[in-house]
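Take a look at the structures listed below.
Look at the two complexes coming up: subunit A is in both, with subunit B in one and subunit C in the other.
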Partner chain A sequence: MQVVSETIDHAGIRSRRTRRPILWTPWLMLFPALAGISVFVLFPTLAVIGLSFTHWNLLSPHPAWNGMRNYQSLLSSPDFWTALLHTGIYAVSVAGVILPAGFGIAWVLNQPLKARNAYRMIFFLPYVMPLAASGIVFSGLLAPSGGLVNVLLGRLHVAGPDWLGSVHWALVSVIAVTIWEYLGFYMLLFLSGLQQLNPALAEAASMDGAGSWQRFWAVIFPQLIPTAVFAGVMVVIQTFQAFDQIYVMTAGGPVTATTTLVYYIYEQGFQFFDIGRASAASVLFVLLVGVITLIQWRGMRRWGGDPS
Partner chain B sequence: MTKLTKAGTLALISSVLLAGCGTAAASTPQPVKATAEHPTTVVFWYGLGGTLGQNVQTLVSQFNRTHPLIHVEADYEGSYSDSGPLQQKLLAAIVAHHPPDVAQIEVHSMPVFAATGALAPLNADLSASTIDGPSHYLPGMAVTTTIDHTTYGVPFNRSVPIIVYNASLFKQAGIASPPTTWPQLVADAKLLTRHNGSKTVYGFAPLANWWPWESQVWSAGGHIMNSQRTQASFDTPAGERVTAELASLIHAGDAEAFPGAEGWDNTMTAFYQGKIAMMEDSSGDLGYDSQQIGNRFAWGAAMMPKDPHEVVPPGGADAVIFKQSSPQVASAAWTFIQWWTAPAQTMAWSETTGYLPVQRAVLTNPAYEKFLSAHPQNKVALAELAYQKQPPQSAHYLALLQYVQDAMQSAFFTNTSVSAAMKTAAQQTDSTLSGQ
Partner chain C sequence: MRKRRSLWVWHLPLALFSLFMLVPLWWMVVAAFDPMRALLGGHLALWPVQWKLSNFAAAWKSQPFGRYYFNSIVTTIAIVTLQIATSTLAAYALVFLPFRGKRAVWALVLLAMMIPIQAIFIPDYLILSQLNWINTYQALILPFAASAFGIFWLHQAFRNVPRALVEAMVIDGASPWSVLWHLVLPNTRPAIMTLAVLNTVFHYGYLFWPLLVTNTAAFRVLPLGLSYFVAQQSGFMQWNLMMAAVLMTVAPMMALFGLAQRYLRAGVMHYGLRG
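What follows is the complex of A and B.
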């Protein structure tokens, strides 16, 4: 039923406005999801924003208003910038290896190979393992004495370093384990992209005399851009959120060699019990990821079609 | 489908919300007489993993078997030390007003948890107890349990830092006895270090850890905080002297320190493999050390060196009861704690693990005397008790220790000097203390 009402505006002109009745059924249907999002996402997010302007160590009954001090102290702290740098190195290294390698493997496993499904499964298998579990396994494999990696290197008369204990190797080792873990997922993304290609376009290009490189560069690659951009967004979000493997393998150390932004937030909150500072770092982190995602989203619109 | 009215929708949503809230109201504990079928349940959070965790479970099972009216539910919640998971979960549980009934509290974190106001004072229980109380305990056991005249904890699994050494390597190097001073330790480490091609046996393995660091600061006459506990005071020449000597030893290749989260475990493994002649360790590891070393080589334990003072920090954990527990549960919790610390159990716990027996009475027990003559390493921890010092009782002490640990890692594993690293740690501590 529609309710039609007539109103007279200030100029005395009659206008007709249609008032729709509120439909309650959709709200009821949405209620479970909205309640979940409110309790587990919305309220905690608002609480973190509020706490970022306070000083609270969990011990005092109430947080004390601190204004912008947490933000000022974070932005002038070398440790915060070091954590940001490590996050950048981590994200660029993982993305730099995983995107081309994922594509390369997907390309090979898209060819008519014998037992290619078995290979696809083998490459995807690490992604199924929880990161914390594979982190523990790799901690054992990379142990300085008695770890399989250094034992094998010892057989070759090479003295392996302390992979997770050296300030020079720890971040590299964590990056390598992350690549091992996620590679299969990106292979799968590219594989689905390759399988959605329109073969008629490549055939038409061949008939027009295009070589294999030209076919790839001018015909196949442009069709894969949406997949590549999506993979880029995913890898950035995944690497910025890196925590499990660092917590398990290095605890952010040695010194601060593997302290990324999320680990830094955890450390401030639960090692130094500085909830205000940890909350301020979380807000900055969300802003940073938001800006990067926005840039990628725009890129996606430009090169990869409508992301919505 | 029939469209719902506004009132109907609100009623449905409200009923769902009320149903959710109803659980809390329904769960309010009502005092009921405990029976063997329905014993009083005591939730106990502990923070010892691996073999030690199995030892905890064995003792708890024994308690449950012999106390049919009480059931202790022992839950491992991750490490209780180094701001570990148990401490984090406890703080979160306290803020959420849902703590367990009993928990292990690492001795340095007692001021932090006392400051929450969530711990039950135990003064009256201790006065009435025939088992627990300072007059029953070994000397120094109460240095961590009382904050501003209120006792919150009972010594549960207590330890001290010690030096563990490979006596076979000492003999090969012609050193008759373990060092008693830090300068002697440095000299011995140089003598003990042997380079044989790509294989090196290091004379010493200091831990990049705050616990032995406390002893290093105090033994040279330094102070960790000022007397008002408002400022860090460890960044002085005296406070840094021993740590700087150890850093020089590492950089000169006469000592090896193991970095990272697994640093302590890796140190122990290297020692068991004969790659290290001396290491800093906890007396709580002596049982595990003995098991791992077996007959591989002769080994011994020595007191932490002095320079010139002999001072050691307490270690391990105390047991606390939370205020929020009902009187019936708190009483059952107190029965459990007294049972655990009674001479028979504390002796069994000490013999199995290497942790100190809490009670004086154990020392005169012939069975324990026999155990000590078979395991002379354990005598060292008992001798150190006289030199235990109370760490600064500050609610911010855990943060200070974390900053110091980062500083030690910088000094041991990078080119940063001890003095620069400790200066940074002191500044970070002061900033935390001033609430900036």
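What follows is the complex of A and C.
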């Protein structure tokens, strides 16, 4: 129960003489942060909405009003839908591996196992690698000739593909490096969920004669749903924003095989200088992230309460 | 009892999986020391043919890595320091001080937290180029000097500081600045350290933003320098030199991991609690 009052009334406690400085202090303290956020996040958000209704290639001095045309042309452009599809495949694949695997490993490493701290450390280690560095290491491992993966496949008499140069395998390769990088992070998220479990509930269930399988699904799993929803939304948002690994590994290619939504925005804005179109795609991107976040909040409210 | 004894079975899959996680790192080290012909020979490259340091010297010379190191370290330290300072002040005001419009400010913070920079980089870039700040340290640092996430994180930490202590100090006549410095900060050190370490990992490794706001070697940071190094090798890839460069880039983060992994792991697990 939260009965603690929200704030302490400085003004009420201190003498009248110091009333003025205290009224200003909160704003003085907020100013640097609010200024930074306003200039680099809030104003640009409004600006990107405005720019999305204009045509501008940076050469003309001013953006020209363009109405809904950017949105119309985006929504009828196969390239945009392909980028959206790649983003979806990428997010769902990474989530589909990282969530169950992260949970499974967390489950095992939550048992009183010898050396479990060493395992936790090893699995988490890739998280500190800069994504660009991980991407280059995987490019080397996946090099068509001489790369460790294809050398190993060769030993098994399988001819490995040119991973990053193949339309079919490039996205898979980017997915692989992302999973490798973040698996430990999600393992730790689930581990923290597992450590918050109420052991009394599971014990009570086994007293009542529940088997271990029943105990898991009826007692433990419902308690983990908030963690799972949180992790699920985080992994989707994280993959939606992916850029660095794609930039160093494939630069969106071959052709458009690894062009995700963010990469598409980058190309439209910084390679084709189509600011209006890039802005319209950005607005759609924010809406998509916003919808996912809202679903999270709804989900948390629905399942996040008492498991009873 | 029976359960405990059967646990050792897990060591086999765990060890195999550890191997899978470590192979890319191990290959990076081996390749960084190997002469090139060994890598091309199609052998398994799990042990260098000879441990050569010359790869590092060659990589170091092929790009201004000294400058990259300097830029990376300066920008990372500046971002982390500024962000903690601005977030601490803002979170203190939001948690402990009464003022009109608090709900609106908090709503703006939450709103800002939902907007990824990947969606607003175009206006951000335009602002910086209007200021003639492309290829400057300001452009690399200032957009991250304040962070909605940092405020949110410290807001949660500050709420756990016992109210009674704060009130006692206020009654004794302490100013908000003094409460923050002498009571709140010492009591929330782990949360602040965690924010600092998570931020260091993120900003040290960040390529996207430096790619946008710099186009000369003088202001390139390490991840961006790496990407240029790769691009330079069109056609014939000298993986040994590249892995030497990657290893040089990664080394400070590995050191940080060794020193501060307690904070990192605690931080991520704490993150889970928020969920």
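Simple rule for what comes next: the second predicted complex is superposed on the first by the 281 of 308 C-alpha atoms of A that agree within 3 Å, B and C clash if a C-alpha of one lies under 4 Å from a C-alpha of the other, contacts with A are read in each partner's own complex, and residues count from 1 in each chain.
In this section, a contact is a pair of C-beta atoms (placed from the backbone, for glycine too) under 8 Å apart; a residue touches a chain by one contact, two chains touch by 3 or more.
Everything numeric here is computed off the predicted structure, so don't read it as measured data.
Within the superposed three-chain model, A:T256 lies in touch with subunit B and out of touch with subunit C [touch as defined at top]. Looking at the shared chain after the overlay, A:P222 reaches neither subunit B nor subunit C.
Of the two partner chains, neither subunit B nor subunit C is touched by A:P100.
In the superposed model, A:V39 makes contact with subunit C only, not with subunit B. Subunit A is touched at more residues by one of its partners, and among subunit B and subunit C that partner is C.
Once chain A of one complex is fitted onto chain A of the other, the partner contacts of A:F270 extend to both subunit B and subunit C.
Residue contacts after overlaying the shared chain place A:L30 against subunit C, while subunit B stays out of touching range. Of the two partner chains, subunit B is the only one that A:D162 touches; subunit C does not reach it. When the two complexes are overlaid on their common chain A, residue A:G146 makes contact with subunit B and with subunit C alike.
By the touch criterion defined above, A:V137 reaches subunit C but does not reach subunit B.
Residues 22-23, 25, 27, 139, 143, 145-146, 270 of subunit A lie at the contact with subunit B in one complex and at the contact with subunit C in the other. Looking at the complex, you find that subunit B touches subunit A at residues 1, 3-6, 8-9, 12-13, 16, 83, 88, 91-92, 94-95, 112, 115-116, 198, 208, 258-263, 266, 269-270, 273, 275, 395-396, 398-399, 402-403, 406, 409-410, 413-414, 431-432, 435-436.
Looking at the complex, you find that subunit C touches subunit A at residues 4, 7-8, 10-11, 14, 17-18, 21-25, 27-28, 31, 39-45, 85-87, 89-90, 92-99, 102, 105, 108-109, 111-112, 114-124, 126-127, 142-143, 145-148, 151, 163, 166-167, 170-171, 173, 175-176, 201, 204-208, 211-212, 222-224, 226-227, 230, 237, 239, 242-243, 246, 249-250, 253-254, 256-257, 261, 264-265, 268-275.
Chain contact summary for the complex, subunit A toward subunit C: residues 4-5, 7-11, 13-14, 22-23, 25-27, 29-30, 32-37, 39-45, 47-48, 51, 105, 108-109, 111-115, 119-134, 136-141, 143, 145-146, 148, 151-152, 154, 180, 183-185, 188-193, 195-196, 226-227, 229-231, 237, 240-241, 243-244, 247-248, 262, 265-266, 269-270, 275, 278-279, 282-283, 285-286, 289-290, 293, 300.
The residues of subunit A lying in touch with subunit B in their complex are 22-25, 27-28, 31, 55, 57-59, 64, 69, 73, 139, 143-146, 157, 159, 162, 164-167, 170, 249-251, 253-256, 270-274.
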